Each structure stands twice: as C-alpha cells, then as structure tokens.
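In what follows, a single structure is set out as structure tokens and then discussed.
A, B, C and D are the chain letters, set down in written order, and residue numbers restart from 1 in every chain.
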Amino acid sequence: MTEIGKRRWAIAEGYIPPGSADPDDPALVSHETACILNTGDEDANVSVTIYCKDREPAGPYRLVVGARRTLHLRFKDLKEPVPRDTDYASVVESDMPIVVQHTRLDCRRSEVALLSTMAFGS
Amino acid sequence: MTEIGKRRWAIAEGYIPPGSADPDDPALVSHETACILNTGDEDANVSVTIYCKDREPAGPYRLVVGARRTLHLRFKDLKEPVPRDTDYASVVESDMPIVVQHTRLDCRRSEVALLSTMAFGS
Amino acid sequence: MTEIGKRRWAIAEGYIPPGSADPDDPALVSHETACILNTGDEDANVSVTIYCKDREPAGPYRLVVGARRTLHLRFKDLKEPVPRDTDYASVVESDMPIVVQHTRLDCRRSEVALLSTMAFGS
Amino acid sequence: MTEIGKRRWAIAEGYIPPGSADPDDPALVSHETACILNTGDEDANVSVTIYCKDREPAGPYRLVVGARRTLHLRFKDLKEPVPRDTDYASVVESDMPIVVQHTRLDCRRSEVALLSTMAFGS
C-alpha cells in the first residue's frame, strides 16, 4: 500500500502516573504509548526524543518499525525509561512516512482511565 | 450537502481489551469502533485493512456507507474479527470523501473508560 | 482578535449513553457536547446537521455564537433532541471561522468516563 | 532540533470540574492543562486568552516556554484562575512555533476520568 503519514510527529502531553492498583497485571499497569503505523513497503527508521520541563532533551532513542507493521511503543521501554510522575513531551521522527497516536492508561485507582489523540504531524 | 473529508484515513492505535465486567449487555462489552460519516450524495465504497505487530496485514474488508449516512463499525464485526488483547492499527479507504473517528470503550472493570480521536486523514 | 478556524466541521462519532447513575445532578447526566469557539469580532451564524445510520439527516438546527464567545452545545438541547442509545454523527457549519471540539461524558456507572477530540475541519 | 508546530492554537472545550474526591493529593485534584512543547532553540513568548460564554475574553496571560522545553500549564495557575464549573475555551499564541495539547483530569468521583486532544493549530 502507498505510504500514509508524515515524517515528524510531536506529542505535547506526557505523564506516566505513579503506581497502579493492580501492579501484577502488565496490561493494567499505568503506561503511555506512542502507537506507530508504517503502511509502506520499506522499514521505517524511527527516533524518539523526550522533552522535559527543566533539563535538556533525552535521546534520540532509535527503533525500527517494519514495513506494513504497527509498533505500540511504551515509553517505559525506552533504553532510558521516562520517569513516572513527571511532565514530559516527545517527538517521533522517521525516514519514511508514518502515523503516530498517543495513548495513556491510568490505573492509579481500581478502575481505569484512558486518553488518546492523534499526534501533531508536520 | 457537499462531501466533507478525505479518502484515506489511518488509526495507529488499536487494542480491544480482553473480557468485560458485564458481558451480557452488548452496549457494555469492551469494543473499538471506527465511526465513518459520509455526508455526500453517493454511497461510499469503503475498505478496511488491519495492520499487526508481527504479521502481514489482514483484509481489506469491504463495506458500504450510504449517502448521507453514518456507520459505526465495530472491529469485532469484521468478517475476520480482530483478536482481543492484541496490538493492531487500521487504515480506512474510500472512493468518496468520508470522515473517520476512532473510539474505544474499555469495560474490563465495573466502571467504563473511553478514548476517542479523529483519525489521520490524507 | 483575528478569527481562528474553519467554516465546516464534522464529528463522525456520536452516542449519548442511556441513563445516568445520578440523574438528579445536571452536571452528571450523560451527555455529548459540541464546543464551539468564535474568536472573531462578528457573530457566527451556525447550523448543526445530524446524520443517522438508517434515515435521512435531521436539521439543520440554527444557533448563534457571539463574537469573542464560546458556546458548549449539548446535543440533547437541539430543537429535536438527539435520541439516546443511538449512533449518530454531526456536521457544524458557520458563516464565520470557528473551532469545534467534541466531548462525551458517560455517567452510566457511578464513576464518570470522558472522551474528547477536535472535530475535522475543512 | 528544527522547530515543530504553529503559532496559534485554539481549544474549544474547557471545563474544570467542581471539587475532587481526594482534594489533599495535588496530582488527584480535578484540573485542565494546556501542554505546550517548544522544540526550537529559542525561548517562546506565549500568551493565553480565555473565552467565556457570556462576557468578554480574559487575558492575555503571558508566559515563557524555554528552548527545548515543555510546559504543562494548569489553567488554575493563571494569574486570574479560570473558575470551576464554568464553560470556557482558550487560545494559545506564540512568537515561535509550538505544539499544544489539551488534557482534563476529572476527579469528582473516587475514580479518575481523562480526556485529551491535540489543539487546533493555525
């Protein structure tokens, strides 16, 4: 399929809640995800940069999203995990067009809360 | 009314939670939906392709959204339902301009959680 | 301030949950809202059209959003209220540039759930 | 890094819920945030204007988002805090390109609810 998307995406919101009511279930641990879709026929070389409130950016962290594949990247799985309970933001860059969507699962309480938005592509 | 929208839309996020606290109420079963709006005066021939983490895309699955109609497609109602508890992404293509919005209802716990975002149109 | 926005906005998602756990508190009754912002120095004449799954569109319903004002329109406050527990979509048109954001508050259970997204402007 | 974003952003939704179930935990007090990301190498001079239902706009309130920094602005921290339980909207303007995302945490009940969307940039 023809590629869809942009090569640079920004997510201004970022916050991984501290703790989870049910920490033994990986699916129900509070987390934030950058969902990346590469519809093209070539692998996408992607880099993620983390912006903070009061220090220089961290990264870029590099990863590959295969051709015709999606990768749901948890920010805590970066080489240097994003700390919990801290405001941050992120930029995702790629050498191929991709689509990026941002999602948070908040499990601080016994019930879950969700947010999601398409990132800003340019 | 004049048509509004684009012919290709991408949704990078996709995850249908496993199980529901109240599985006997169809409105309260965890699900994901692609809400499609066709404001034009001709039917839109739509195809949905599902992207996965570690295998080739599935589909395209074909459907029609009538002129001046909206269709809220649950991904579990595709000919080959999207499996639960699995990361995926999707692309919706149409021969007429349409608008696509993505929504999840998470009913794993006794309370519900919601997310929604406009898809990325191109 | 200079005007910001577009003259036509589409919201593909639409669903007002049936019932509320606490129906006596108006702020906690399940509802959907089109939040409209008019930053310009002239009133905006706005019309809202409701699209359905299996019948012709309803409306247009007309309203005015004053210069330099915001109006958070509950869909149940239209002249012909949108029925609950029914899939719908909407288009908001204006003679002046406006910005439209879509929000749902789901109060079926004792806790609340929220979704919101910027509408699609064209 | 090259700058990403736009110089004018609008958020049509705005509502800070009245009260919180757990008012002693600052992280769990109901609030709304404009998350601002400045990826450029110069500080961004930002102004925030608040639009209301039935009176003239308030502000602009001025702040600085440092080069290569993100600032998650709680609307209650403006010089004149946005009142609770009141519909509002906002515009964020900058002399440098920025990205703006809008988030609400609703803690009226014992569980939390979240919404987020990219603002409308122009």
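As a convention for this text, a residue touches a chain if its C-beta (ideal position, glycine included) is under 8 Å from a C-beta of that chain, and two chains touch if they have at least 3 such contacts.
Chains and their UniProt names: A, B, C, D = Sensory rhodopsin transducer.
Keep in mind that this is a model prediction, so the values were computed, not measured.
Colleague: How many degrees of rotation bring the Cα atoms of chain A onto the matching Cα atoms of chain C, given to the nearest 5?
Modeller: 180
Colleague: Residue numbers at the chain A-chain B interface: does the shared fraction exceed half, giving same, or fall under half, giving different?
Modeller: Different: fewer than half of the residue numbers at the chain A-chain B interface appear in both copies.
Colleague: If you average the CA atoms of chain B and of chain D, how many Å lie between those two points?
Modeller: 30
Colleague: Taking each chain's centre as the mean of its CA atoms, how far is chain B from chain C in angstrom?
Modeller: Using C-alpha averages as centres, the distance is 21 Å.
Colleague: Hey, what residues on chain D touch two or more of the other chains?
Modeller: In chain D, residues 110-111, 113-118 touch at least two other chains, as defined above.
Colleague: In the complex formed with chain B, which residues of chain A make contact?
Modeller: Residues 1, 4-5, 27-28, 33, 35-37, 39, 68-72, 99-101, 103, 110-118, 121 of chain A touch chain B in their complex.
Colleague: Applying the document's contact rule, which stretches of chain B touch chain A when the two form their complex?
Modeller: Within the complex, chain B contacts chain A at residues 8, 10-15, 17-18, 49, 51-54, 56-57, 85, 87-89, 91, 102, 104, 106, 108-111, 113-120, 122.
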